[in-house]
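Scrolling down, you'll hit the structures one after another.
Two complexes come next, and they have one chain in common, chain A, joined by chain B in the first and chain C in the second.
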Partner chain A sequence: MSCDRESLAGAVSQRACVFCGSRVVLYPIADALHLVHGPVGCAVYTWDIRGALSSGTELHRLSFSTDLQEKDVIFGGEEKLAGALHELIDRYHPRAAFVYSTCIVGIIGDDLDAICKRVSREKGIPVIPVKSEGFKGGKRDGYMAACAALSRLVGTGDTSGIGPFSLNIMGDFNLAGEIWIIREYFEKMGIQVVANITGDGRVDDIRRAHGAALNVVQCSGSTLYLAQSMEKEFGIPYLRVSYLGIEDMTESLYAVAGFFGDPHMMERTRKLVRDELAVLYPQLQKYRQALRGKKAAIYVGGAFKAFSLVKTFRLLDMEVVMVGSQTGRKEDYLELKEITSDGTVIVDDSNPLELASFLRGKKVDVFVGGVKERPIAYKLGIPFCDHNHERKEALEGFIGMLNFTREIYSSVMSPVWQFVPGRKR
Partner chain B sequence: MPAPAPQKVERKYVSTVNACKLCTPLGACLAFRGIEGAMPLLHGSQGCSTYMRRYIISHFNEPIDIASSSLGEKNAIYGGAINLKKGITNVIRKYRPQLLGIATTCLTETIGDNVPMILKEYLKEAGGPGDRETGGPGDRKDFREQGGLPLIISVSTPSYVGTHMDGFHLAVKAAVESLAEGGEKTGRVNLLPGFVSPADLRYLKEIMEGFGLEYTLLPDISESLDAPILEEYHKIPDGGTPLSEIRAMGRAQATIEFGRTLNYSYAAGNPYTAADYLQARFDVDKYSLGLPIGINETDRFFAVLEHLSGHPAPDSHRLERGRLIDAYVDSHKYLFGLRGIVYGEEDLVIGLASFLSETGIVPVLCASGGKSGRFEECIRAVCAAHAGNPAESLPVREGMDFYQIAEEAESLKPDLLIGNSKGYPLARKLNIPLIRVGFPIHDRIGGQRILHLGYRGAQRLLDQIVNTVIEKKQNDSPVGYAYM
Partner chain C sequence: MLSLTPKEISDRNALTVNPAKTCQPIGAMYAALGIHRCLPHSHGSQGCCAYHRSHLTRHYKEPVMASTSSFTEGAAVFGGMSNLRQAITNIFHIYDPDVIAVHTTCLSETIGDDLSTIILKARDEGLVPEGKWVIHCNTPSYAGSHVTGFSNMTTGMVKYFAQENERHREQINLIPGYVEPSDMREIKRLLAEMELPSVVFPDTSDVLDAPQQGAPVSVGKAADIYPKGGTRIRDLQSMGDSRVTLALGPFASENAAIELENRTEIPARIMDLPIGIAATDRFIQVLLETAEVLEPPASIADDRGRMVDIMLDMQQYFYDRKVAIYGDPDQVISLTEFAVSLGMKPIYVLTGTPGKRFDARIKGILKDVVPGARIKSSGDLFLLHQWIKNEPVDLLIGNTYGKYIARAEDIPFVRFGFPILDRVGHSYFPTVGYRGGMRLLEKMLDALLDRKDRDDPEERFELVL
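Here is the complex of A and B:
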């Protein structure tokens, strides 16, 4: 099995590019200006792409582009970029600006660094280039570019008022308000959350994030590089966590409490978990009975999410017959093999044709994937559950487990499937 | 200080905020999707095709495969020829398309890849047929038997020039240029509908059949992007204009082309369209019409059909038209004087403005991200005739983004927004209804089933608009009246 390679020319991959990777990571920082330097397409296609919620300002939900035209491609877009930054910073007063380079900028050779530096000086806010030329790799290279951009903010703020029991939440994008759920858990445990990176993120919080005692990192790769560089530079350790499913959620909270080693905190954590489960378990039962033995297939962006989903389905007594991801690494796939039963199909960077044949062949009852997989499933009359950046229901935390189960239940049990050719029982 | 100018001072915009357009290659991919057995391939980096697929899927709720030559850093420096050739081979092997439609992107245009030349090389190396003369075979079955190469056409779509509509029309033109053949005239009619919904296309077919006309609709996404549920996944969706029909377009008696902004005269040195090409090369009469939205524009379309078929319109259409006028009458009190902002693709906006002004709604702002240079003149042409809508007062704006639309909206005090889903934030801010039309509709189900064209489309639009207006009144009313 090969993975972590470039997509083949001519393939219809479900993968994205560097620009996309960096855009999705940085985008939820709500009080920053996110300016895409390039032709209009890239900016429109990523406009409000994730629906990351904000508890205040919503600057991130707008789509800014320098909309390069032919003459800019010929004569260069530097002055246009500087002009756009001036105009937009004056209009919106952001706390920082991110400038994303797209394919074409890498070719015409605009000096982003110089422009950003100049405007930063003129405007007195950080103006940070994000090196995200689309052709320079895959989505994961985009994550790295985003983390490199974030590193330029971290360490520039005042850390006073940050206690010893403190952490940064990393790798969560506050889809459907999920980061608020997680924040509340940590706060109930007696932990101060310094910065959300990046869901519902604020520039000033990120600038002082190096004052926290711990980084908790969710998701396969998006902010891992930042956590690693903060460890190197500021000596802040990090823990990898997952908020999906009871098992991983609970383990993550205990791991965090364990890290701080405070018995009172551990006691509070136990109580938190107990209270949540007391509410959750009885509600789960009826769904579980109905879902027992049904077959699930998983195809998601990151392998970490795939792990959590496998465990979640196990909890629901369902069988996982296929699991795959777009950006997994070799170790990830070995681990997936470990936690699934023999005969489970494991796929990397699949294409629609392959996916369709697996789904058909394995007679799955429900398919969990991203928005690009949905129409394939539906076209074949296979129940589908969105588990990607576009979700509008919180799937994290204990409440998220219930929401997820409900969604699986309502997908599998819907009466519409009786009309689908080839699916009559 | 001099008094402020009556017209808003034109600001020098250097950035686009919430664009009201999409990039050129997306339009080309959509058009290629409307050709039978075709597969679109983007020559560029991986991201573009993924984005565009995601974007198109969110409107049509249909699978859409767009292959990519997946250029990496090396290719960006040394040129993308090798990747493109590899990509073509892989797509042919995997998808067995009848036609491969290649569109460039901003990346490959900027590095200066000469796609037609690369294709020539490719065909030579592959040693197969595939150019215009030897062509791909007529349908998929004999293609498989022959095991030959598909037809390959390419279109240059630098995303820093124009909008998705330019890409769309360029792809249609490229298909016609590389396929259409001359020969003995037939009575067929070519219909180039532009980018309209699958529901619109199905209705257009019904109309053509009603007139007893043999016709070719190009492109035809009515099935390929709005298909029934399947037992097996089809690599390439069914439907689309058959290649044999595109070949026959050069022998047709006439071409009808929708899109008032397209009505260039190529003699004047302007870029010309597929219909112009057919006229110049094969002497096929050209009828250039606006999108038939509302009564006037639809009447013009029907008049051409009556002329071409030599028959009057079938009774069913006359009845539909009569009922529509009846409905105009029933609704007029609710609509007269209402102020509507219309935005989207230029030709769609022109059609909608024509329709709205027939009902008494004043299009107080017509906006588009496109920049044909003809938008304003076309809007004036379709709105001039209607009392109560002095055409001179209509602000018509090209090259707009949603920031600019919102800026103007503030003082315009509109009652309604008419356009795609992207206007939702503005509608929400202004607390006025949004009537969803065009593309993209990705906050509602059924974007592909919205009917805009003809008497039937006007009827549907009218009912939707007037009922939305009534509902708003009802909701805003302190007593919640139950009779109109």
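Here is the complex of A and C:
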């Protein structure tokens, strides 16, 4: 099996570009200005599509673009960019500004660094170039560009008032308010959350994130590079965690408590898990009985999410017959092979034809994927659950397990499928 | 976010906030889907293709297939020729389309890939199988909008397919414009009612509103990714033998019609999109002249009668209501005229697509009824929001993004145009023609009357309206 390589020219690839990767990571920082330097499309397609919620200001939900025109491409867009930054900073007084470069900016050679530096000096806030020219790689390269941009903020704030039991939540995007669930768990354990990076993020929190004792990293792709660089520069260790499913959620909380090594915290954590499970288990049972033996297929962005989903389906006594991701690495796929049963199809960057053929061939009862997979499933008459950024339901934490189960149940049990020709149940 | 639009309007030259348009390639991709067994191909970075597919998927709730040249740094430096050649080979091998419709992106435009030459060379060297096609158009994202891209791909269809076969046919060409599959279906129905043989292109009906028929037995084979709809190649090739080309919506359709006229001397008739009563009347009149008959068939006349009946029944609720309309220029022009014919006052009319003709047309429509209306092409929704903050409207009509403004200002809202990401129905029910007009009337009336029922004091809340 091969993976982690460029898609062939001519592929109907489900993959995106560098800009896409950096934009989805940074965009949830709610009190920063996000300006897309490029033609209008790049800004439009990333305008408020992710549903990253904020507990306060919502500057991130507006779409700002320099809307480059032909003459800018010929003469350069630097002054246009500087003008736009001035205007927006004066109007919104953001805590920082991120300026995303797009394909075209890479080609015409606008000096983003110089402009950002100049405006930063003039306006007295960090103005950070995000090197995200689309053609320079895939989404994962965009994550790296985003982490490089974040690195310029981290370490610039005052760390007073941060205790020894403290951490940063990394790689969570606060879809449907999920980061609030996770924050509450950590707070119940007696841990101070210094910064959310990046869901419901705030610039000033991120600037002092280097004062935390630990980074917990979810979504292995998006912020792992930042965690690694913070470890190197500030000596802050990190733990890779997942908040999806009972097994991974519990393990993650215990791992964090274990890290701090405080017996009282461990006791509080045990109690937290006990309390949550006492509420959750009885509610899960009826769904579980109904779903027992059903076949599930998984095709998601990152491999780490795929691991959690495999375990979650196992808990529901469901069989995973196909699992894949767009950006997994070799070791990820080996681990997937480890945790699935023989005969499970494992795919990397699959095209819609292959997906359709696996789904049909394996007689799948429910398919978990993202926006482009939904209509493929529906056209085949297969129940579907969105586990990407278009869902409106929190799927993290213990409550998330229940929400997920409910959603799978309601999708599988919906009476509409019986009307699909050839799929009478 | 809703509190972030200031009321004070200041000049902005360097900035678009909350765009009312998007870029060319997505329009080209949509048009290409209107050819039977065609795979649209995006010549640029992977992201463009992924975004366009996602966006179209969100709007149509249908699978959208398109391939990409997957540019990397190497291609950006050395040009995309080898990527495109490799793509052509791979696509015919794996997906077996009849047509690959290539559009450029800002990246491939700027590095200067010469698609005509690359495609010719590929054909000469046998990379394009016998009987198969590779067509292209240029769609730089830094000029025009998605409507321009649609227009360019439709023009590309003329350039590549139109042949003069010296076989004079009774048929006509019809370019329906950047409308929903349901609208293309309705236009074909009207042509059939008028007994006018025609080539309609592009035609996304049965492509992006394909019926649910369960998975075919051969699922996973290349054949299954092409729905049954789309204009057939033989029909596209016959467009050079038609009597006349009717082009609906000048922004989306005029260029293709003129291109064909220049090549074949087939006269081009450009008209407004048949949205609303007057524009539909004009369209039907042109169909009558083309068919050389005096009266429309009873079915069409009856539809018109029913539409007028609805307009009369409820005219008092439309009269003098202030409305803001935004979206793609062809739709907005006809819709503004429709609003005026209902007695409404379109006080703000805006499109994101550039074009002075837009301003002139809208000014013409409004000059006697709303002389002070604010009109803008190359505008954005931030500006529209500011206008509305300064003087509110009774109804807002436009694409999904308007929901932010509607919520912030508490205004009844009718979704219309592209994209609609949060509702279904738009791709199944037409808004063109008299039947489409009836649906629009229902939606607008419902929005106004639901609001009235919500706001009326107890003593004015009545059963019968």
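The criterion applied here is as follows: the second predicted complex is superposed on the first by the 424 of 425 C-alpha atoms of A that agree within 3 Å, B and C clash if a C-alpha of one lies under 4 Å from a C-alpha of the other, contacts with A are read in each partner's own complex, and residues count from 1 in each chain.
Rule of thumb we're sticking to: a residue touches a chain if its C-beta (ideal position, glycine included) is under 8 Å from a C-beta of that chain, and two chains touch if they have at least 3 such contacts.
These numbers were taken from a predicted model, which means no experiment stands behind them.
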Fit-or-clash call for chain B and chain C when the two complexes are aligned on chain A: clash
First (chain B), second (chain C), both or neither touched by A:Gly361: second
First (chain B), second (chain C), both or neither touched by A:Leu59: second
First (chain B), second (chain C), both or neither touched by A:Ser151: neither
First, second, both or neither for A:Thr250, with chain B first and chain C second: neither
Partner chain in contact with A:Ser120 - chain B first, chain C second, else both or neither: neither
Which of chain B and chain C A:Gln228 touches, first, second, both or neither: neither
Partner chain(s) touched by A:Leu8 [first = chain B, second = chain C, both, neither]: both
Touching both chain B and chain C, residues of chain A: 6-20, 38-47, 61-70, 72-73, 80, 83-84, 87-88, 102-104, 106-108, 134-138, 352-353, 356-357, 360, 371-372, 374-376, 378-381, 420-422
Of all residues in chain A, those that touch chain C in their complex: 6-20, 38-47, 58-59, 61-70, 72-73, 79-81, 83-84, 87-88, 91-92, 102-104, 106-108, 134-138, 351-354, 356-358, 360-361, 371-372, 374-376, 378-381, 420-423
Residue ranges of chain C touching chain A (in the complex, touch as defined): 1-2, 4, 6, 12-19, 21-26, 39, 41, 44-55, 57-58, 61-73, 75-76, 83-84, 86-91, 94-95, 105-107, 110-111, 140-143, 145, 210, 212-215, 219-222, 224-225, 352, 382, 401
List of chain A residues in touch with chain B within their complex: 6-20, 35, 38-47, 61-70, 72-73, 80, 83-84, 87-88, 102-104, 106-108, 133-138, 352-353, 356-357, 360, 371-372, 374-376, 378-381, 420-422
Chain A contact footprint on chain B (complex, rising order): 13-19, 21-23, 25-26, 41, 44-55, 57-58, 60-73, 75-76, 83-84, 86-91, 94, 105-107, 110-111, 158-161, 163, 227, 229-233, 235, 369, 403, 422, 425
